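After this come two complexes, each holding subunit A, first together with subunit B and then together with subunit C.
Let's turn to the complex of A and B:
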């Protein structure tokens, strides 16, 4: 194996992009958070004070970091779907819909549940 | 005819001068000087009203020379020369004294001493005007013919436009083919035309024109002469030479692409290519194929690393490319959009430092986001690492958009987004003598006001030989060079400063010292009444004056700065200025 510029990554955790997950979320689901501008309004307004803020979670989904999504299954299910964040999102991201799509994915892939 | 009656105009510059120099006091002292027939203080001499007042004064008192004591001649020499001309004077019998930058602004702490210095400076100005002679601008005929060096897009476009105007053109190209870098490129924004199609279109048109001659495998080897009338020698292939007379030269020699050093972001490993290499691959890919292959393997994911070889840290030494190459962000995003069009399922990762898709290229960036391209921002200090294992490239980036976490991605292809670097052609640089800027590209006189002119009169620069440019910017600058050339050549003549050296045939004994000193080859040997003497070629002379101190018999001097003028100025500067002290002391006594 030949590697360059490794200094910066020594002893640091690495998140791997899973292209399969990426494609599933991109092509096979309703999930869409490309408009997110990382402003943090959703974080400030969340009544559940969810650890993994919607914007961080959406970034993980957007870049296909499946391991990070699975680490946070509990957080994803803690969401009340109250839509406070969505109402106040300046970029118009459908946050609650996105959380729903994620739950669908987790139900299917992690818990083996399916709608049909 | 030397000057007898002088007018001196002292400018307050709205306080810039008069707050620190006693201008009224200066006027009183100057009025006492011999040969000064008029002296006046103005609040703003450069204003229309100020100039009008001076013109009326000159006419009324029948003055034949003037001195304006105001700002630096860099600012208003032209203004006041034109004013002198309107008043019926010869514009070279006007002297500007720099009372602002070299007096009031420099000595804001001591008005008395500043006033004394002002007096000395104005006296010197008077001495210079007193010994001045009327001069006439040199007029040079211009030939309506242009040499364009480099037949890339900028060069070809320049040639066609000059031909449209009716100016004949010789285009020389070092390579066997025209089209430079553009012919290798695929679809370009916004019309999706291929690079080679554009080149072909221009080339066909170029060959149709009677007044354009295109020479490939040709290089400029010698340049002689001056603006309006250059003699150039051109080498075609290895052994053919021919000479040509042209009125001006447009240099459009283009750029080179940065080639990463071996190992830089894994360059040299399989699956790691530069942007131009990838663009060539894409240009060869059939639109209908719905897939992109590299080394016979279908590409499913691509990672672009931006700013390779651009915006380098100056700690890397003199060879560091510190500038932003400007075109690469837009070019990469455009390329990646084409990838999306060919195969929607390809995952594309963009690792950037800053995205600079300025102006309408923002549309490309927005489209790229919509198409699903993923963007990761890395810091200069933490460049991404690239490795190659099991037939795939692995890239790890510390992504500031994901809380500075290290993100790893596996890709089939890594594209290093390399920028433009200056083309190295020492021979051409030697022949043309165009100054090279800090970044290694040819330098213009002024980036905003004179963007295509160089300090070599009659030599213009166009396109990316001046610095990184995209195609539209490149062509725009070549059009600017065309306009400058046409304005110069169609007028038929050009006026040059007459402040050039001249030889006194009585004093000259021809020793050749002036010839050795002159950097412009403006001295030649001639014979008058069986006596060999030096002669100045006025059109080549820049009035630099290095020949003057070189002459052992003081036979050579520069017009407007003659030996008489300079020594009389020195004498005037050294004259007593204590009168200003006396007055102040008296004031002190009385008070």
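Let's turn to the complex of A and C:
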């Protein structure tokens, strides 16, 4: 576990990096957002409007900020998986599949739903 | 307090694993629509409903209950509910749709079968083995439960020597055609949607219908399965004029239906937005997905209407069919 202070003036900006989470998302799932260019098309076009911020969520995953991801649980399960964002993503990121991968992670690791 | 996500998904997961559906229905309910058709039991080509149309009245009823619980103290007891649901199917006591509503969602399946017969298609049905596809489990990321369930359903088809499935809704079409092959090694069953079959070989038109409608494209047909032109071709062929919204085809907005289990209120807001877009074009909305139909109907004013495409097709190909 690595703790990084992104702004020495403000403690609330401390981000905890969870390497285990990072590896699990990289190796154990279909998650892939490295092509994301952070353009914001997905947010602009989302029928859920500003509530969902895939690009922000994906940045948290890419740096292993599990806590930040888990702060967004309601947003992750609010995604309609309608793929409107994917249809318009200039970088061809599989946004819906990435969101689904996050649900799978949360179901297993937070809700313990793999053993039912 | 919103509907508790973990416990609600836990109930769905337990139901899929123990009872082979998110909301287990009796065989009588699942197959009730088939009364009077005498479809052969099995065969190399079968109609696979995936239980989607049959489930909607129960999902509607349950969403209505969940909508009442959303933001209430009752949500604290969902964990206890999940515990008891493992032993006894509690979801059975949460959904009481009326006979009228059940019949309304059986009718599109009957219409589709009649249209396929008019097109000369021959197929059977697996009756008590017409299992749920696992679509919601997949969407909610319940991968472990979904994987087990998909293998079970696929093995049932293989035991019955099924070579081709005819699917009738976007969720089932997408899950068995595009998702199962990723989870099942050597998946080798052909999957055809009924609108693809009808568009390739349309039945003779007995009655032309002179109406103007607008079409709501279900997300999965439009953006995953490339079923956009087929419904329009079928409607034009029977004399219907289609007024397009700006956001149609690959750019169609979602009906909000996928949120109804966990966020019933948000789901209605999305539906309202979509209905407003559609009603700017025509007062009649046509769709081809039971989830879209249910969600759009909830917010459509009484002066306007939402219909399954099969209602129009059967009226044209077989006007006396009931």
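Keep this in mind: the second predicted complex is superposed on the first by the 100 of 116 C-alpha atoms of A that agree within 3 Å, B and C clash if a C-alpha of one lies under 4 Å from a C-alpha of the other, contacts with A are read in each partner's own complex, and residues count from 1 in each chain.
Convention: a residue touches a chain if its C-beta (ideal position, glycine included) is under 8 Å from a C-beta of that chain, and two chains touch if they have at least 3 such contacts.
Source: prediction; values computed, not measured.
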Touching partner for A:84 - first (subunit B), second (subunit C), both, neither: second
Touching partner for A:74 - first (subunit B), second (subunit C), both, neither: second
Partner chain in contact with A:14 - subunit B first, subunit C second, else both or neither: first
First, second, both or neither for A:107, with subunit B first and subunit C second: second
Which superposed partner A:62 touches (first subunit B, second subunit C, both, neither): first
First, second, both or neither for A:23, with subunit B first and subunit C second: first
First, second, both or neither for A:44, with subunit B first and subunit C second: neither
Common ground on subunit A, meaning residues reached by subunit C in one complex and by subunit B in the other: none
Interface residues, subunit A side, partner subunit B - complex: 1-6, 8-9, 12-17, 19, 22-23, 26-27, 34, 38, 56, 59-60, 62-65
In the complex with subunit C, residue positions of subunit A that touch it: 47-48, 73-74, 77-78, 80-84, 86-87, 100-108, 110-111, 113-114, 116
For the subunit C and subunit A complex, residues of the former touching the latter: 2, 5-6, 9-10, 13-14, 17, 86, 138-145, 219, 223-224, 250-251, 253-254, 256, 258-259, 262-263, 266, 270, 273-274
Footprint of subunit A on subunit B - complex, ascending: 263-266, 269, 300-301, 345, 347, 349, 369-370, 372, 374, 376, 381-389, 396, 398-399, 401-403, 405-410
